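Quick one: structure below, then a few questions.
Labels run A, B, C, D, E and F following the written order; every chain starts at residue 1.
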């Protein structure tokens, strides 16, 4: 419990190698393949869990997750616009990153809990998928206002049929249809290798994070302060939602982590298209350069203690 | 037995994602890597089986497989040319696809049988490799006639030293030389992960199949009718050959499936070079867009029932 | 013991396929990914072993490995310059290849020993990493002399922060920090799949080696003679060092193999930049085209017998 | 008059005198529009080209540096692409204009025109 | 006479006046032949070039759209390549002619010529 | 005077007459320097460009054949790259000169210049 999880050590290796300007580079196709694998594996795991329980109780949880995403985006927008002086497009785009979720952070949190034998409700993977989307739509509305020219069809396509949501929901559907027994023959790939693949992925994330340092330096303290303060505000919101939904300590920890996490896959891609005026380097420096390592290294154990305090262990 | 195999569900996920125009895309290098893995793994498995039995009885089986490939190609050519009105090059090239075999279909069939604990003769992998080739040569002769200018050296090189045959035969040679014990240390990769990798590969196949729909629409019913009728004709031919060779129910099912399947790796590449006048979109729309999903979803269980009827279970 | 290890068979498959000009090609991204995997896995394994023992005794071993690398490079340079008539840059660059080490050869040697249940000291992975570097620096000095214009900062960066050393040392640091228990969850990837991945990597190495044949033919016998004689000279040096350091039979075999092996990752890249006048085709034809297969097929068992003779089994 | 000094808007066949080793090749001038930009724009550019009636184009992967910093292709957000379109001068200019209006202000993008000679003018 | 209006068949050195920051660079005109086509043709094109005495070429990966539809590089059959050859005008035309005769009718293929300046004329 | 026959060193705006479907596009001439070389040189070339004040460039992956043999990109040592730089003629020549001095003798390298038209001349 005291020592660092090896997946975190892989992240630190990537970070240090990047900061020392090592020649280490992972092929782009490997990064893509690892992220496809992780999304599918998370979806399969969630879907397989859902197969063993009724689906009806999911509805309020999904609604709560959507509300959580919307509220977080609005809060982040307000803070960035009026406390940190961001212009409207930058505030909106960055807020969308923070209102959405990070798949890698989710994976590390569930691995952290699994290593401590703390159970997590299977539907957390559903909430992960659900929480990717609303912040995108809210962010766009905040940036543009709701005007007639908005091509909502294209936007929903982007939001719901992006790589992340397709693989998470697709994996979940397969896991649900096949059930634990059906998944047995593919589990040596999707279950046994999960943590090793996560380690490799975090190595690359470390390299990517190391490249955000330049932008962080240019932007001074503001991004660092916001990047730490925002998860510390969102996590209690998430934890409170977890308690209200009657989740276990594990589920509450994960929901707090989801709330605290900031997207770096679905949202950057969508914002780049929908809010071109926003500077993507800014949002990514915050989400990847500050919040992602903060959650990995400090946040997750903290959110767990919060969950224990609220739910009882 | 009632529920769908998860590998089929991956295929359907790819198909649906492609039809809904999801942004899901697998890197080209991943597709290549998965197919190299599958070919090697199938070869290793076959070779390892061969190591435990005498090789002499293989000869008649190889000869029968060659004959089966030739007969199928001629039948398909006749049907396409005179019943469906294809021009000579298109009929020849498409016939070569149907006279050859599909590695993915073979893999799904053997996985389907393994899930039902039905034994399969190890030499089926040899027949898979053998059946890749004759249809290519027959197809070229049908398209061009046998003339002096044909560069048979180049053609045989293409047919025997293409990626598929090299990896299947190479894997088989390694499996045969190393034997089951020798392969032990590499089986966590090549055996345990086989089905998971097949699932990922079929996800990509679903995406590829979804892109054949445009061509299918342009060509109207003809391709759909041929793409379903041809395997329904070939499978009994394959099953009968299996019975004549004294194969088990499992082996007969696989031989029927091989006969029913249509190539989409070795043959398209060879035909593109050897019969340039043929439209590759046409053959692929049939082989990938119709026959491949038909075999996966409907054919394999059907061919198994046929084999049971002929051999007894 | 009599039959060939399957990983060697994969190497031979690649070699034969390449010589027959098969169309088999592995995607570049796969080659990169496999080599990243192997370097990390070797590092992790070594680091995990180090975690269970005091580090102080390592220092003399590291010093001896550095000396071994330096001596080998000087010997190779002398031989190439005065016995084989190479010009100064070619002699220096080629000598650097032979003074350094080959990760794939190391991996095959440890797998060979593991298959025979012969223990190896965990710190051999440290020596592997250590021995990558000194030959590079010596080679550069031999080529250029020590002059003021040499950019030693850039060179050390190249030598110490290249991909190979970063991953080996990084993996070792992670393995050491996490310890055997910490690595448990990622061992299905990094331990169980190691030999399968090595097999795939050697398939590609076979293809690459097959392309050295042209250069070998142009250069006549000289390269072949040097490529076989040099490891036969280096291996006893390495074995003697192993005995002097009090290593076990396994450790002595590995140190002899390391000495006998020639680099084809770190050194070619560094020499290309630092000694541009040298012809890279020459060094690679020797290191890859002669010495690598020689060590794999003949050398390792030989060095093992030497170690047994010196240490007692 | 030198065939390489014609007004590029004025598209007409250029017959190049045959050399001993070839028969005459008749080429026509067209314009090649090359664009370096963010990979995320690929679907948008495809939609634009389809709408504007551009019949052919080629994409490839790239990385680079420009006024918007280094884009080194290690992950989705930092990938570049190269787009090439061979077409009539007027169409190339129309598309360039469109790129300028719609994308130049907010995206990493560089575009330039050059003159090329093609064999089958009806294709472009 | 303007160096950019010379007959491209008439290959001769072009000395560009030095600027303060450089010494004079002496370049010569050559022709760049670019081909976009199906990836499956790579070995055939290599054989053709070797036979026709073309000493240097460069390939890279591509995807695109043309009269033969969308080729999006997701799998073997839908990959494109870009081939570039720098050579004398006559050789470029000879190879273009060869491409037209042998491949244009049946393969997805686009080829075009442009003028470039090189430093070491003996190489090309 | 034909706008395509100007001295390329003499950089000035070129207004191309508008066509029915476009408003006038004002382009300027710049030089495109293209380099094919060994992938191992990428970091050195980046350092050179930064030192020489080149503000933008694009890399992509390639493979090929030349006087130093076949480089087929199957592994690190046999990878090529393509580097493209759009800049003023003088800067392109200065960099070409630098390439010639520093790399031509020992590395697989081919470089050539061509003329292109850009929209935002201040960028290049």
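Going forward, contacts are C-beta pairs under 8 Å (C-beta built on N, C-alpha and C of every residue); 3 or more make two chains touch, one makes a residue touch a chain.
None of these values were measured; they are calculated from a predicted model.
The chains that touch subunit C as well as subunit D are A, F. Across B-E and E-F, the chain pair carrying more C-beta contacts is E-F.
Each chain gets a centre from the mean of its Cα atoms; for subunit A and subunit C, those two points are 41 Å apart.
As a whole-number value, the distance joining the C-alpha centres of subunit D and subunit F reads 16 Å. Under the contact definition stated at the top, the residues of subunit B that touch 2 or more other chains are 23, 25-29, 32, 188, 193.
Taken residue by residue, subunit F touches two or more other chains at 4-5, 60-61, 114-115, whereas all remaining positions touch fewer. Of all possible chain pairs, the ones that touch are A-B, A-C, A-D, B-C, B-E, C-F, D-E, D-F, E-F. Here subunit C touches subunit A in the complex through residues 27-29, 32-33, 36-37, 40, 157-158, 161-163, 166-167, 170-171, 173-174, 177-179, 182-183, 185-190, 193, going by the rule given at the top. Chain contact summary for the complex, subunit D toward subunit E: residues 2, 4-5, 16-17, 19-23, 25, 27, 30, 32, 46, 55-61, 84, 86, 114-120, 123. If you check the complex, the residues on subunit A that touch subunit C are 3-7, 9-10, 13, 16-17, 20-30, 111, 115, 188, 192-193, 195-197, 199-200, 203. Within the complex formed with subunit F, the subunit D residues making contact are 4-9, 34, 36, 60-67, 80, 82, 89-91, 93-94, 96-97, 100, 104, 110-115.
Considering their complex, residues 25-26, 28, 31-32, 204, 207-208, 211, 264-265, 268-269, 272-273, 276-277, 280-281, 284 of subunit C touch subunit F.
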